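After this come two complexes, each holding chain A, first together with chain B and then together with chain C.
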Partner chain A sequence: MLQFLRYLGQRVGGAIATVFAGAIAVFLIMKAAPGDPAMFVLGDFATQQSIAAFRARHSLDQPVLTQLWLWLETVLAGNLGESVSLYAGRDIAQLIGQRMPSTAFLGIYALLLALVSSLVLGTVAALQRGRTADAAVTLFAVVGISMPDFWLGYVLVLAFALTLGWLPAYGFTPPGESLTGALVTGLLPALAIAAPLAAVFSRILRVSLLETVERDYVTAARSMGYNEAFIFINYVLRNALIPFVTIVGLQVRYLLGGVVVIERIFGVPGIGSLMVDAAFARDYAVVQACALTFLVIVLTVNLIVDLVCVLLDPRRSH
Partner chain B sequence: MSTNALEVCNLRTRLRGPRGDVEVLRGIDLVLRHGEVLGLIGESGSGKTMTGLSILRLAPRIATVSADRLRAFGLNLLEIGDAEFRALRGRRMAMVFQDPVGAFNPAKTVGWHFRHALRRVADKAPEAARDWRQSAIRLLGEVGIPQGASVLRNYAHQLSGGMLQRALIAIVLACRPELIVADEPTTNLDAIVERQILSLFRDLQRKLSAAFIYITHDIAIAAQLCDRIAVIYAGQIVEEGPTDVVFGTPKHPYTQGLLGAAVALDKGDARLQEIRGDLPNPAEPPPGCLFAPRCSFARPECAQDDPGLRTVGDAHSARCVLYP
Partner chain C sequence: MGTRIDGLEGGRRAFLQAIGAGVLANAALVPLAWAAETKTLRAAITGYTVIGTLDPAVVKSISESMTLWAIFNALVKFDEKMTIVPDLAESWAVDGNAWTFKLKKGVKFHDGSEMTADDVKFSLERLRDPKTESPYKSKLDAVASIDIVDPYTVKITTKEPFAPLLTFLTNTRTGTQIVPRKAVEAMGAKEFGQKPVGTGPFKFVEYIPGQKIVLEAHKEYFVQSEPKVDRAEIALVAQETSAVNAILAGNMDLSSSAPFADVPALKKNAKIKVSSMVGLNYRYMELNNKQAPFDDVHFRRAVSMAFDRQSLVEVVLFGEGAPANGLIPPGIPAAYDTTPRKTNTFDPDAAKAELKKSKHPASMPVTVVTFGSSWWKRWAEVFVDQVNNTLGTQLKVEVTDDNGARTRIYANNIQAAVWGYLGFIDPDEYMYEICHTKGSRNNRGYSNPELDKLLEGARREMDVAKRGALYKKAEAIVAEDVPVISCFSNNAHNLWAPRVSGFVPLPYSAFGSQFGGVSLSS
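Take a look at the complex of A and B:
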């Protein structure tokens, strides 16, 4: 237990250090990009004076390192600052808090869809190795991996919304308003994010299962006369899940990339679309806050995945 | 008892490979009487493990197994369906593996393995299945593990190979099988533990009066433990007979070479007759006698036909043209 707490402490400490380093990197990248929030707020015909006044008010005239320090100070004080241009004057933490449920809902929805379908597809492919079902799953995987998610998003909209009219093409009901509404309006965007992930996951699971089937302990289990379903669940799947979960954890960053794009396409008012809008408005503080939020999400998910792996794999917890 | 514990006739196993099929067992013949220990000896790659796996219908997916005769406990194993065969394993027949660490599910405790093994034979020993923990601790005590309760809580990676092999033997003991294939169960253990495990096997055999196929390439172990010896070479039995006869007056040049090699190792004198060369490539076996290319007594006719097993003495046979 003590060992476990020490391990947890190390991981959390590492995560905090990563967030800190990530915050600085995000800041510097934003500053390196061209553009000026003053132009966005004041328009193309603003006078030199009004621009200078705007820049002074938001400390944009300071050296970059001073700006970095000022920003870090606010962040360390537990404050994300205020929006400069996109929602001028609004508290950023509040903006993110408002949009977080939609993004979290969409991400978890997509992840669950991807996990469930890949568990089914990967298992079927492994059990039917070399037969038609296996080939079909491979075909799905190849298509799914090579298809960009925004394109899949448009195809889904075209098929299910515009042609069949089963689901709305645009707009999203946040889960706070109506859970069923969120499940229905979120289905197409979640599918668009989940499909490429499911393709990757099912391939990984198939390989992992086929490798595990060859292990000596599976032959040993068969020598004990256990039935095939018992062996598959307790020996094969159980042990194949360890590498599977590890790799799934590494893929979560791509899930977030998908979330950003898909939120824009389907008009989901989440952190991804906030980030894109803020980038167009050169609202540095908002973009940084969004990026930080994503970073925290990725690190939290990685931490959870790590803990799940430790639970699944006694060799790691001892 | 009239029927034999196991009868194997012309057992052949082919493996599908990227470069075509390879026959790794080329007609194994074995007879095992009740309560008898048969030592299956031969060099690495000769097909010892595959013989055990093929008999228990555990050969890998890529294998195709055929036989003219395969009977155990009076049952025709060739006619039995997979489900029925499965019901025999872990109840009437069992296997002990070379690598005890690899034989345990790494995600489950040793206790988990006992619980499920005992549940599987619950009809034979209902009270043992009901209080599986108590029975497991008692079984572990019988194989020389006094601290059973703590071993049950451990995972395989936390225990030594010797400890795990004992635990595995205790599990097999719980199943009370009539036929046991033990595949080099002491190869990965150090000398002291090896001796302990061997004496355990002797106890086990006495307690269960089970028939054993004991696979090994260690002639000293085979001599101590086995009633009869079958020597396997390139997927064929080349000599078979009572232990003292086979080791006292070996007839097949391969057995003679094998014993010579064993003597050479013991005396540290590598000049004593040993076997030159390697096992034939299973994909391109030589014509006639498979051992002929390595045999110092080879004659021209050896490359013509497989000599077949010939009687060379009382219950003693060898596959060699030297004996008419």
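Take a look at the complex of A and C:
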């Protein structure tokens, strides 16, 4: 147990350091790109004077490192600051709070769709290795991995909204407004995100199952006369799930990236679209806050994945 | 190995059956939900995702303008023939420097108060007050005083005759929409921008960031027959294609634009109505007149004659536009110059001859900045390719985003860049602002005193035809100097669902201002 706690402590410490290093990297990269929040706010009517006044008001005329320090001060004070250009004057934590439920809902929705379908497909493919079902799952996986998610998004709209008329082509009801509405309006975007994930997951599970099935301990278990279902669940599946869970955890990054594109196609008011809008508006603090949020999510998920793996295989805490 | 775990067969089948049942159950849930409400107009403003403020004095983006055109009125407005007609003003008269506007009586703001001369004076003086930080301040620089003659009469006196004034008092990108003095003073400007109160056909209800703006009918709107719907919801849709799909699927009624490439196919589709007309916009190549190679008029002329504007329209806009013959677009007929100009015409031999006169060699590396994806990028690529083929020059494209390009153009930190303006209606907004030495859109270091004098004179000329002739003279000077390279005007499009009637397309991107007349069948 002590060992486990020490392991946990190391991981959390490393994660916090990574979050800050990541946020600073994002800040410096943003600053290196041309652009100015004043241009977003002042638009077609910007003049040299109004640009200069805007820059002075928001400390944008200070050296980059000073600006970085100002931002770090704000964050260390437990605050995410205020939007400068995109939603000028609004509290960033509040902006993220408003957007979080939609992104989280869509991400979890897509992940569940991907997990359920890949567990089914991966198991079927492994059990039917070399037969038609296996070939069909492989075909699905190749197609799924090859299709860009935005393209798939439009194909789904063509099929389910324009041709069949079952689902809306655009618009998303946030889960806070109506859960049923979110489930229905979120189905197409969730499917577009889930399909490539399901393709990867089912391949990994198939391979992992096939490898595990040939392990000595499975043969040993079988020699002890356990029935096949018991062996499959307790010996094969449990061990095969370790690489599967690891891959699922790693794909959360893809999930967040995919959400950004899909959110824009379907008009989902989530963190992904907030971050893209903020980047175009050069609203540095908002981009930073979104990046922090993403980093925290990815690292938390990775931590959970590692802990789940430890639970599945206690030897891993060493 | 497969055979040994065949014992699972039964369980697996049951599991798959359960999944199948789940899918069917989901499918059964789906169809009912979006029977469209007949009385809510669902409109999409495309290409934008954010509204910062709806205070007419300080809005900047076209998406904000489009939204507030449904909420506010100005003294006058343009009709579909681009003639200025009364709006809040019943009539007007101009006598030298004095403009007298008679206001309509009984016009109600959304808060129930009556709109009077006091509100008009307040709204316009706000723009002129430096504390407002209005981007439209310069539009009223020529004004000397604004006086209340009686509660329904306002007199605006200019320092000298100022012809563009009437255009600047329309419900366009001018900031001159009329706001209620009491409400603005009570709320403060910042809050007013979040809770705007106007006289228009629609009242502001709420703005849900990332989703939509919700408006409801103004029951006491002074045009008795309008609005014809109960509510209007304006969605900010990032992708044009999403709006097209939403109309085709019946989730949207109206869109502010259409993807150029899809227009021909959409025109044949019975599920959608398409309007297409030459728009009031100007797309051009911005040039740094202070830096090599475009500091040299011969190099500028050579490049301007080295590409075919018509083929640019075909390839970049899929034919949805018109080649530019100068700065002022064909949508302003009185000032539109039809005289063929040598430097705006594709002529490879003349181009090569001009290049020979240039102090810069063809081999000089030149970067053309463009941004985003879609047609802006395609435009730069096709342009660069044509010019290089004609002249053997070394132009290349550099891609950034809208913000990056704008920052660099305003700081004159470019050699060349694709650029343009949309929604401006007075010839002064094109010619003076882009080419006068003190023009607010002239950051390139171009200056020609002869042209400046002509443009100042055009501001004072009150006769429309005579004023138009002055702009044509200005076009001749610009065609000699080539401070920028005129390329084309793109068509303005609107899309709407078959259940929509009464939507009157206008060439100046007036989206929002027409919502009052729109009705919906079920």
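Everything below uses one rule, namely that the second predicted complex is superposed on the first by the 314 of 318 C-alpha atoms of A that agree within 3 Å, B and C clash if a C-alpha of one lies under 4 Å from a C-alpha of the other, contacts with A are read in each partner's own complex, and residues count from 1 in each chain.
In this text, a residue touches a chain if its C-beta (ideal position, glycine included) is under 8 Å from a C-beta of that chain, and two chains touch if they have at least 3 such contacts.
Computed from a prediction, not measured in an experiment: that's the story for all the values here.
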Touched partner set for A:Phe27, first chain B, second chain C, both or neither: neither
Chain B versus chain C as contact partner of A:Tyr284, first or second or both or neither: neither
Which superposed partner A:Asn227 touches (first chain B, second chain C, both, neither): both
Touching partner for A:Leu312 - first (chain B), second (chain C), both, neither: first
Touched partner set for A:Thr123, first chain B, second chain C, both or neither: second
Per-residue contact with chain A, leading partner among chain C and chain B: C
Partner chain(s) touched by A:Val41 [first = chain B, second = chain C, both, neither]: second
Contacts of A:Pro168 with chain B and chain C, given as first, second, both or neither: second
Chain B and chain C footprints on chain A, overlapping residues: 214, 222, 227
Parts of chain A lying in touch with chain B, wherever the complex brings them together: 214-217, 219-227, 230, 234-235, 238-239, 242, 312-315, 318
Residues of chain C defined as touching chain A within the complex: 1-2, 4-8, 11-12, 15-16, 19, 26-27, 29-31, 33-34, 49-50, 52, 60-61, 133, 135-136, 173, 190, 208-211, 235, 237-239, 241-243, 245-246, 248-252, 400-404, 406-408, 410, 413, 421, 440
Residues on chain A engaged by chain C in the complex (per definition of touch): 33-36, 39-48, 50-51, 53, 86-89, 95, 98-99, 116, 120, 123-124, 127-131, 154, 157-158, 161-162, 165-171, 181, 184, 187, 210, 213-214, 222, 227-229, 232, 236, 264-267, 269-270, 273-274, 277, 280-282
Interfacial residue positions of chain B with respect to chain A in the complex: 53, 56, 58, 60, 86-91, 94-95, 97, 99, 102-109, 116-117, 120, 155, 157-158, 171, 175
